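After this come two complexes, each holding subunit A, first together with subunit B and then together with subunit C.
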Partner chain A sequence: MNRILRRNVWHLLLIPLCLVWVYPFVWMVSAAFKTPKEMLLGGLSLLPDDATLDNFRRAWTTAKFSTYTANTVTFSVTVVVLVLLVASAAGYALSRPGLPGKKILAAVLVATMFIPHGYTIIPTFVLVNGLGLGNGLLGAALAQAGPALVVPVLLFMGFFGGVPKELEEAARMDGAGYLRTYWQVMLPLAKPVIGTVALMNFIGAWNAFFVPLVFTLGSPDLRTLGVGMYGFYGQDTTDWTGLAAAACISVIPIVVVFLFLQRTFVEGIAGAVKS
Partner chain B sequence: MTTTMERAADKAPARERPGRRPGRLRKHLWSYLFLVPLVLLFGGFTIWPMLASWWYAFFDWDGVGSPTEWVGLANFREVLASDAFWRAFWHSFVFSLAAIFIELPLALILAILLNNTWLRFRNLYRLVIFLPVVATTAVIGIVIAILLDPAGGLVNRILLDTGLVNEPVNFLGSTSLALPTLLSIDVWKGFGITLIYWLAALQTVPKDLQEAAAIDGAGFWRSLRFVTLPVVTPIAIVILLLVFQRSLNTFDLVRAVTEGGPDYATDVVPTYIYRYAFDPSLQAPRYGFASAAGVVFGLLTLVVTLLQAPFLRRRVNA
Partner chain C sequence: MKIRPALAVLTGAVALALSGCNLVGGSSDSGAAADSVTVTVALVPDPPGASEFYRQQLDEFEKANPGITVKVVENPSDQQLNAVELMFQQNRAPDVFRAQDDGMDRMAARGWIAALDEFVTPDFLKRFPEGTMDPATSGLHRDGKLMSLPLVWGQWSSLRVFLYNEDLLKKSGFDGPPETWTELEQMAAKVTADGRGKYFGYAPFSAKAPATEMLAGTAVPYSVAAGGIDYRTGKPATSSPGLVESVELHRRMQAAKVMTPGWESWDGSRAFKEFAAGKLAMYPSPPWHVAEIRKLSPEIKLGITGLPVPASGRGAYLARKQSFSPLWSMSSQSEHKAESWKVMDFLSSDAFHKAYYQKFGTLTALEGAWKTEAEKNPDQAAILKVAEETLRRAPNPALASKGGQAITQALAAKPDLKYTDAAVSSIVKNQPFAPAAAKLDKDLQAFLDKTSAELKAKGQEGSAKDLTFAGWDPLKDFTPGG
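The block that comes next holds the complex of A and B.
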């Protein structure tokens, strides 16, 4: 009895902590459904007196959040596809035994992990403009994906290195070449790594701010949700409830995606930390 | 990181027969083809920018055309003499200190608690604490700014109503409070990911080792001190570096909440660089100067990382 009591006492600490922790989100969702008038009066109630979807309508059309959502989806999917293709191929090649030069390449990758982004942004910007991708989401996606490759490459390299050699030998006996072995034997095996890398980079790209901000300075129509949110704020008259609705639009999809895939995510990070 | 060490062993047999180069090259042709995309993308967007920053830093350049006006070390001299730069660097460093000395230990304590299988709802708790990590920084910045608003913001209303303060607190608008406020938000936002790192690290502690300690009569504290912490230490160093690296990249939150203000009280190096290179209100961007600031920042980061090395090595051996 005493033991049960002692164990449950922790909830007295954890429940208030969690309530404070999620409060900003609860407040945000509540404000998104309030009328501007109720917001102005500033009641503390979290349940709107007379819930309205008007704020969402305004954010979606007037404030162009439909465009921003489409841009964010395009940007994030491009980043994920780029990272998956490049990192899985490189990880496979680097897992081959006896490949000359791979030690150096892996060392360079690890060493650049700690480079601050503020250091590399200017030449990246110049390069993207030089490639003629200046005012497009592809340029921003390349700039986002390039530095994000390190951890995925190391994850794929570790995974493919741990696959038993017999499997590949069997594939070769059956007449599969390098490409086929990679595409039809190894990649399907790597599903857990693919899931982790995809989710980590999807969250990263969805929330990215620095790179999309810099790359869409000249073209407001290409803004992503994070950048669009920021542009909303600080104008002369701020539409608070519209802002809250816009905030919901940019946060809720990613939270839902995370809720469905959280197991993969947590296990993936666990795997990455362990190795 | 251990993988690089293991690879060295693989390479050894290949070195024994240096005479058979062409055959080896053909054998690995596909592997090299598979590495081409990585070399292009990573080379173009990480390695090249690192080198090019050095080159640009020697020019007075507004980003139009190619850099032609060589100014030698003038940009570096200006950066090093700039009080604003050093203040921004100090603020970036303070973000690291808060992450390492506040977030890291608190997350470990919570991870030890949430790692207990007897604790009910522990998955729900983890999820709730992870929520700010997934949420967009710009959104968090704006919502927090509204909640902390001195004129009618919720936090101030509660503080006033309960009589804790007599007049509204200007959390983000006062030069003395803005930085601590931002630091707290940053800890809140990043806490979940650090918690997950620690939970992952705690999974590596072998169950039988803990059971053996319990049979030998070790209580919670002794088991923590002599079993859990020693096993976790090597991973802890990786976590420390990850957290350090994230804190140095603080940009989004500062940009979204205070833009470095008031009066540059919350300016960090990335916002400093951004201001000189990309700020839309700028007459002419100063790419050369901003590059020099980036190079100095990169070098200082390297120095700080290396300064930690002997301390870290001692911890591993202890």
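The block that comes next holds the complex of A and C.
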């Protein structure tokens, strides 16, 4: 009895905390359905008196969030593909025993984690422009994927390092070369890590701001959702209800993706930690 | 062994790329007809609703000009200049772009702005109020050449008004707004006391306390209130009694808890929200707040008047430094200058300005497009009256000489020499402002001396002399060269 009472007391204490935690998000969704007047003067109430879809219409068509959503999908998928291909291959190579300079390479990789994006953005921009990729999202995706590789490489490295040597030797006995062993034997085993890395980087790319901002500054048609948000800020005033609707458009797909893939994500992290 | 997820993702990415989702980029003008010239216009979708408005207007333009397609590139206000600069650097410059005030100078300094004189006709100039397109005072000319066209009314950016809630003042027994700073202090204290935390008598508009500058502009020459230099002498004057007293007035009200708590973190639009919600009784403001208050609270009893002046009497009028603020410029790299001019001509047409006024209620550069209608609108009529009563033409070193331009630009690049932070600190920490002002004056003088010497060493003009207009009386209209 005492235990039940104690648990209920904890619930009573934690439920208000939980409401405080989710309130801003719920308020954002609610604001997306309000008129500017109600949003600015209506206080903290969550239910709109005069619900409207006009904010979504404005965000989707006038503020071009339809284009930005397509751009964000392209950008995020490209980042994920780049990260998966490069990180898994690098992780596999670095996990092999006897690779000369392996420790130095890993140390350099880890060291690069501590360099803020701001310091490297100009050379990255110049490099991508020099490659002739300045007018498309591939250039921005390359810039985003580069620094994002370190943790995935380490995850793949840890995972492949834990795979028994015998498996690889068996593949070699069956006539598979280095690349084939990696592609057809090792990579399919790494599904949990692939899932984790894909999800982490998809979320990261979806929410990315700095790199897409810099790379789309001169090409507004390439903007992603995060950058497109800025369009609601005027010189003197801000279209707050349009911004709230745009935020809903931006955040709902990523929440859905996360809900679908959360099991993979948790398993992947747990697997990576165990290995 | 199958690797379905990786293949699916790869297939998805390829499909996205092939479906034209901007992965590797393509021709930006692919939508334009082969026999049509595309003019790219980089603008700011401001105020809210401007995106649709511009598109509708430019669609009308395209109908009237079948050979021209207008491609609109929108950038948020904060990013516009950087974005346009980047477009120039990537050789994809827009033909027409929005660059205001310092931004226009920044673009012009890089040689990216085309002079418009070859396109301008006497009929075009006649659209603007008489005398406003004089190169010496227009604000649109540099070195005698027309470099930009305006959008809003020339006096809009210089004007400051005092807004008050008639109902809240009446509740405290006041029939009208304060006319002096002393009355303001007394009335604000009474209203705040009567409000008992539900509403407050006064707040300084935003976190940087520009209200100190606005009120000081009725006591000391605008140049003192804006940048700490007295253009009558060319010398630092942050410690002028009028400016110091404006800060002290706010310090006293803050110490007495008269001002709305939390104003220290307000952005530029918070004051009108507080006012529209009936939580703020009075504040000095730029005129655009009036329309925002009306949008949020059409029924509020909003009074609009001139700023209160020192009890000892007015020491200065608000300054009209130039007839217009620059806004639309043409790229010097445009390959379609004639067509670009047609777009600019349209953006400066009576029809466009009338439509802009009707859509946003903004008073535009072509007075003929709105004056009759504005005089019938009580809010706008009040704004026009305040402008008439409180604005006077003032000297502008940046327009007067190259040296003036150089030295004002150098000063603008040193915001730490402006008194704003020291003033806010004094108000918030309840410390006297005079010592900080005296130190700023010394720092300003040192900076002026150093900058003059550096300019001289480079063989350029620019000294305190270029900031000196000895005959200027801030209570009268200034005549350049007069």
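One rule holds for everything that comes next: the second predicted complex is superposed on the first by the 245 of 275 C-alpha atoms of A that agree within 3 Å, B and C clash if a C-alpha of one lies under 4 Å from a C-alpha of the other, contacts with A are read in each partner's own complex, and residues count from 1 in each chain.
One rule holds for everything that comes next: a contact is a pair of C-beta atoms (placed from the backbone, for glycine too) under 8 Å apart; a residue touches a chain by one contact, two chains touch by 3 or more.
Everything quoted here is computed from the prediction, not taken from an experiment.
*Asks:* With the two complexes overlaid on their shared chain, look at subunit A and say whether subunit B and subunit C clash or fit.
*Replies:* Superposition result for subunit B and subunit C: clash.
*Asks:* Determine, under the contact definition given at the top, whether A:A63 touches first (subunit B), second (subunit C), both, or neither.
*Replies:* second
*Asks:* Is A:W183 touching the first partner subunit B, the second partner subunit C, both, or neither of them?
*Replies:* In the superposition, A:W183 contacts subunit C only.
*Asks:* Regarding the shared-chain residue A:L133, is it in contact with subunit B (first), subunit C (second), both, or neither?
*Replies:* Second partner only.
*Asks:* Let me test your reading of the model: by the given contact rule, A:P253 touches which partner, first (subunit B), second (subunit C), both or neither?
*Replies:* neither
*Asks:* Who does A:L217 touch here: subunit B (first), subunit C (second), both, or neither?
*Replies:* Touch status of A:L217: both partners.
*Asks:* One more residue to check, A:G118. First (subunit B), second (subunit C), both or neither?
*Replies:* first
*Asks:* Applying the touch criterion given at the start, work out whether A:Y230 contacts subunit B, subunit C, both or neither, answering first, second, both or neither.
*Replies:* In the superposition, A:Y230 contacts both subunit B and subunit C.
*Asks:* Subunit B or subunit C: which reaches more residues on subunit A?
*Replies:* After superposition, B is the partner touching more of subunit A.
*Asks:* With the two structures laid over each other on chain A, which partner does A:A106 touch: subunit B (first), subunit C (second), both, or neither?
*Replies:* first
*Asks:* Contact-wise, after the overlay, does A:G204 reach subunit B, subunit C, both or neither (first, second, both, neither)?
*Replies:* Touch status of A:G204: no partner.
*Asks:* Would you mind checking which of 23-31, 167-175, 221-229 or 257-265 on subunit C runs into subunit B after superposing?
*Replies:* In the superposed model, subunit C runs into subunit B at 257-265.
*Asks:* Indicate the residue numbers of subunit A shared between its subunit B interface and its subunit C interface, in ascending order.
*Replies:* On subunit A, the overlap between the subunit B and subunit C contacts is residues 213, 217, 230, 232-233.
*Asks:* Of all residues in subunit A, which touch subunit C in the complex?
*Replies:* Going through subunit A, the ones touching subunit C are 36-37, 40-41, 62-63, 70-71, 73-74, 77-78, 80-81, 84, 129, 133-138, 183-185, 187-188, 191, 194-195, 198, 213, 217-222, 230-239, 242.
*Asks:* Mind pulling up the subunit B residues that touch subunit A in the complex?
*Replies:* Those in contact with subunit A are residues 1-4, 6-8, 10-11, 13-14, 24, 28, 30-32, 34-35, 37-38, 41-42, 44-50, 52-53, 56, 63, 113, 118-121, 125-132, 134-147, 152, 154, 157, 188, 193, 196-197, 199-201, 203-204, 235, 238-239, 241, 244-245, 248-249, 251-252, 255-256, 269-270, 273-274, 277-278, 280, 287, 290-291, 294-295, 297-298, 301-302, 305.
*Asks:* Within their complex, state which residues of subunit A touch subunit B.
*Replies:* For subunit A paired with subunit B, touching residues are 7-8, 10-11, 14, 18, 21-22, 24-25, 27-28, 42, 44, 82, 85-87, 89-90, 92-94, 96-100, 102-103, 105-110, 112-127, 142-143, 145-147, 149-150, 153-154, 157-158, 161, 178-179, 182, 203, 206-207, 209-210, 213-214, 217, 225-227, 229-230, 232-233, 240, 243-244, 247, 250-251, 254-255, 258-259, 262, 266, 269-271, 273-275.
*Asks:* Which stretch or stretches of subunit C touch subunit A in the complex?
*Replies:* 1-3, 5-6, 9-10, 12-13, 16-17, 21-26, 28, 44-48, 50-52, 73-79, 82-83, 86-87, 89-90, 92, 268-269, 273, 276-277, 288, 292, 295-297
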